[in-house]
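Common to both upcoming complexes is subunit A, partnered first by subunit B, then by subunit C.
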Partner chain A sequence: MIAPAIAPQGRRWGTINLGGALLTALTLICACVWFFPIYWALVTSFRTDDESIKSFSLLPEHPTLDSYLYIIAHSKLPIFYLNSTIVSLAVTAITLVMSICAAYAISQLEFPGRRLLWWTILASFMIPVPALIVNHFIIIASVNLINTYAGIVLPLLIAPVTVIVYKQFFDSLPREFREAAVMDGANEFQLLFRVFLPMNWGITAALGIITFIGAWNNFLWPFLAAQDETMMTVTVGIRAVQDTFGVAYARLLAGAVLAGLPVSLAYLLFQRRVTQALTLSAGIKG
Partner chain B sequence: MTEEAAKNGVERAPHVELRRVTKRYGVVAAINDLDLAVEKGSFTALLGPSGCGKSTLLRMIAGLERITAGQCFINGVDVTEMPPAKRRIAMVFQSYALYPHMTVKQNIAFSLSVAGAPRKTQDERALEVARVLQLEPYLDRRPAELSGGQRQRVAIGRALVRQPEAFLFDEPLSNLDAKLRVQMRLELARLHAALGVTMIYVTHDQTEAMTLADKIVVLDRGRVAQVGSPLELYRQPANKFVAGFIGSPSMNFISVSLATVEGNTATVKLPGGGTAQVGVGSAPAGAAERIDLGVRPEHLLLVDANDASAAQSGRISIVEHLGNVTLLYVDTAAGQMIVEAPGSTPVKSGDVVGLRLNESNVRLFGADGATL
Partner chain C sequence: MLKNSATERLAAVALVAPFVIIYCWMFVYPTVRMAQLSLTDAPLIGAGHWTGLDNYRRLFSDKVFWTAVWNTSYFVLLTVVPGTAAALGIALMVSRLSGWLQSLILTMFFLPYVLPVTVVYLIWQWLGNVQFGVLQFIVVPFVGHPVNMWRTIPWFMPWVALITIWWTNGFSILLFLAGLRNIPSEIYEAAVLDGATRRQIFTRVTWPLIWPVTVLCLTIQLILQLKIFDQVYLFALGGRTAATMVLVQYIYEQAFQRNAGGYAATIAVALFVIVVGFSVLQYQVLRMRGAR
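And now, the complex of A and B:
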């Protein structure tokens, strides 16, 4: 009885699974193809300007931090970072609070127009944000919010996916939790913030991280709304660096590395949460 | 509190009362024009099969379900439109509904916490309740780290801490295994004896209702089929539904025809030609009326198949040895009948036996199901 149970394990380690090996090799090749531009950008940022044009070696011949030092010394990168941080944190916080409240109301409360509101949110999901960008610009400009944090943040708050994920979560909670809390005398705010949300902070953490990363990486709207250099976010400011330095690849890519650094760190630190968030919204994005 | 109430003469006044209550979901009536009075300090069980409306009734008392028509009173106050938290009642749910992210202490003290009670009061009261329910060692654990019985006790503790007027239990033991259920049943009985508060307990398990309650309300399709003490329901069922629902194994029913009625004794013709004399309270309307005779398994005596006193005879199809008793499934001319015989009865499947009725314990039910 024992022998056959052990044998397959031995064979698994002893022989090569051809299909598995091929799949692994293919995956590795794809990963290399995906990673090479990132690697090239990183390596180039440590080259001299001259070397960045002429050399095709995989490692820098004379590694230097000149490009980084030059950008830090001659650009407004710290201000760009600050702007990106303010904008991303504001977008994350406001989006989460709004989505939580909207999803809770739609999922748990009875009020006229609830179904219509839900269908409107679902319908808004079908409209790509870039299609609305001109309208956004006209509205924001008409209320004199161009070149302000409010002007940059407001149009970035449209997040139907976050509402949908939260609603699914609230829908999935057994009715007894609500009833028990109601019997205990909890009001709607206590129910939401003391009972429902703490039951799974993972969802909030995951959606918070993914919203933050999305806001940090956003380019199109901040590019239109932040015309003054002091209001630019990192992604927009890097473009200004390109304009200033012309075709200086090492500096340009050093800027790109600096712009992507916080997001990369966030990915590394919160890998599991980011994956969870992507899984949560994957079913919705279909 | 009980003594004080007795002194004031309100001991026997209904503590929880439903007057002509109806609950409709669309056109379907889950509860139909129902009256119910629960005395202060009593343990009342709402018993009935699935879908009879017992949980709906409990939820209406709790305020979790709106009453379509009628009124609900708690302690003489009309609470029909009052929100659940203000009714001063507590409920223990079937799934316990313990907040998974809170510790036992936080779960127990939650109602105090949302009411803004000082932290010291919350801690003291939670500890007091934990002591009563022997939960002290688990105060800092989360529900996931507790056994089924401990979770059940936490759920009770959460209700207890509010010092409610009445406790409502919605099938609280149905998620426990058989052994733990018996243990928790005893603990609930002990708790009721110690606290002396009104408890209303929903169950579909007649054993729970019979062992815990001092009054059982049997519900059938949204109506009260009978209200009484466990033994009243068992011995004097008001109708065929109650007779069949109470008792395990359930009562045997034989379709008979009425021969004669003299005073309080009716003579009925049994299938197969025999007769039986049964005491009746009310005379049936027509002499030839088709009626049902009900006899409990323990009121059927095994005799020889040829015995003149045998009301029915038949072949044993299944024998179930339960140790203290043996259940026999006997195929007779009147259909299959269950007999409860002593545990050591030497019988086997295929044996042909006679069944004698213990006529003093037999009931007759009219065509409308009411006991005659």
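And now, the complex of A and C:
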């Protein structure tokens, strides 16, 4: 009837599909090309400094951890790590709690200004945060928070998307839950944290991971707010390492690998959650 | 009943208070102040004089500002459509696979997306290094000599655009994959039974059904790339920044290097107007999608 060879998913018909095999091979080649820059950075970071500028071999000829040990011992990377961890955890925790509470109130409670607040959040989606850097700096400087953790964290707390995703989640829960729990004499806080939120910890995990990655990777604001090297986050500080080390490429790339490692691990370990959070934030059901 | 709604209102106020306070402090207030500041000649820190629309008059005759507008538009042109097309291609390739092979390949394509911008910068600075970079093996046969990509003005924007596509495309790939997964397989089976070729299946089935996601990716990318700063700033360090200036970078330069807070706010207002304009467009597009 129909030649199976033209079927887009030839395997279903149990035939060996030459076109399909070629496409798979092509996909694999593209993926390798795409991944090559990361691979090359990894390989270089395991070379000796001398080898890094002489060798183009696909594997390090004399694999060594020297560059890693050197950068950990001779740069402020450990301090950058500490700063990034503090800032990212604070941003994640505060953003989540704030968004959960606000989204719950907007979704489930009646209060004056509810609609106005919701529309403001939706509208703020459009405002380009980088346009606000000048005034963020003026505000943070006026309360003497430049070069402090609080000063770095505060402007990073603007997260309309998190509120929008939570509101949609709370909206989707049946109203009977609330009514039944209110009958039992639960107050709003118990209702939110004991009934509503535990209904789907997955959403909180997903949004938490993506907020953490976003905070860790943010460059522009921490770059302006952390003027002292001891307050820099990894993302900002790793560039300063370059000025100190000059043209020692193996060391620079070892630093780059270490800087990218936490977020890469977060993604590799919680791949599904990251995907879920990103598709939710774009309003697509994955 | 009355008491009930009163406690409800009290709880609501307590719940929204932290969010509203931060929001007003870090968002509404700076936005209003930005507009105000743009009408003064204030330095970054400290008071200035009211100068009316002087800053705006200056803006329109400022060559560097128009260079920044041009470079930003050029960058958008170089990234948005090519990036989205690449993402669709990759998503189509990945979606035919299954199991561990699919996860592996998707990870290889997606991993750059989670990296900090400075890591991306360090990786590509090494890759494109004029003396020791592997990319020179591709460049030299075409040009005849090694090129310092981010120190040669005509190469600068395409170079940064290429890196940006590599870095930010993971997001679009995920959206396309989700979109492709939402196309029911019965439609494909019916098309195959009707004798459709691969090409017909793509042009008549996949493409029309994936179009809404394409529009979504295009608008998200457009708004994102209008706000370009990090990569351009990093690669332009130590170079002639006036030639490769983009809008956010000009705000930064005026405010933090020239101490011209008022004028920086004026450029910020211009960026604000451009981005909000495109966002309204995006909102309309999304609403149209929602209505379907």
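The definition used in the following text is that the second predicted complex is superposed on the first by the 257 of 286 C-alpha atoms of A that agree within 3 Å, B and C clash if a C-alpha of one lies under 4 Å from a C-alpha of the other, contacts with A are read in each partner's own complex, and residues count from 1 in each chain.
As a convention for this text, contacts are C-beta pairs under 8 Å (C-beta built on N, C-alpha and C of every residue); 3 or more make two chains touch, one makes a residue touch a chain.
Note that the coordinates shown come from a computational prediction; the quantities given were computed from them, not determined experimentally.
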- Query: Given the touch rule stated above, what does A:Leu23 touch, subunit B (first), subunit C (second), both, or neither?
  - Reply: second
- Query: Between subunit B (first) and subunit C (second), which, if any, makes contact with A:Ile213: first, second, both or neither?
  - Reply: second
- Query: Is A:Ala266 in contact with subunit B, with subunit C, with both, or with neither (first, second, both, neither)?
  - Reply: second
- Query: Who does A:Asn135 touch here: subunit B (first), subunit C (second), both, or neither?
  - Reply: second
- Check the contacts made with subunit A and report whether subunit B or subunit C touches more of its residues. C
- Query: Now for A:Ser57: first (subunit B), second (subunit C), both, or neither, which partner does it touch?
  - Reply: neither
- Query: Does the superposition put A:Tyr104 against subunit B (first), subunit C (second), both, or neither?
  - Reply: second
- Message: Which partner chains sit in contact with A:Thr230 here, subunit B, subunit C, both or neither? Use first/second/both/neither.
- Response: neither
- Task: Indicate the residue numbers of subunit A shared between its subunit B interface and its subunit C interface, in ascending order.
- Result: 187
- The answer for subunit B against subunit A in the complex is residues 62, 64, 83-85, 89-91, 93-95, 97, 99-101, 110-111, 114-115, 158, 162
- If you look only at subunit A, which of its residues touch subunit C in the complex? 2, 6-9, 19-20, 23-24, 26-28, 30-32, 34-35, 37-38, 40-41, 44, 52-53, 56, 97-99, 101-102, 104-106, 109-112, 114, 117, 120-121, 124-139, 141, 154-155, 157-158, 163, 187-189, 192, 213, 216-217, 219-220, 224, 234-236, 238-239, 242, 249, 252-253, 255-257, 259-260, 263-264, 266-268, 271, 274-275, 278-279, 282-286
- Interface with subunit B, subunit A side, in the complex: residues 174, 176-177, 179-187, 190, 194-195, 198-199
- Note which residues of subunit C are touching subunit A in the complex, please. 5, 8-9, 11-13, 15-16, 18-20, 22-23, 25-31, 33-34, 37, 44-45, 90, 93-94, 96-97, 101, 103-105, 107-112, 114-119, 121-124, 126-127, 129, 131-132, 134, 166, 171, 174-175, 178-179, 181-182, 188, 192-193, 195, 197-198, 201, 213, 216, 220, 223, 226-227, 229-230, 234, 248, 251-252, 255-256, 261, 264-265, 268-269, 271-272, 275-276, 279-280, 282-283, 286
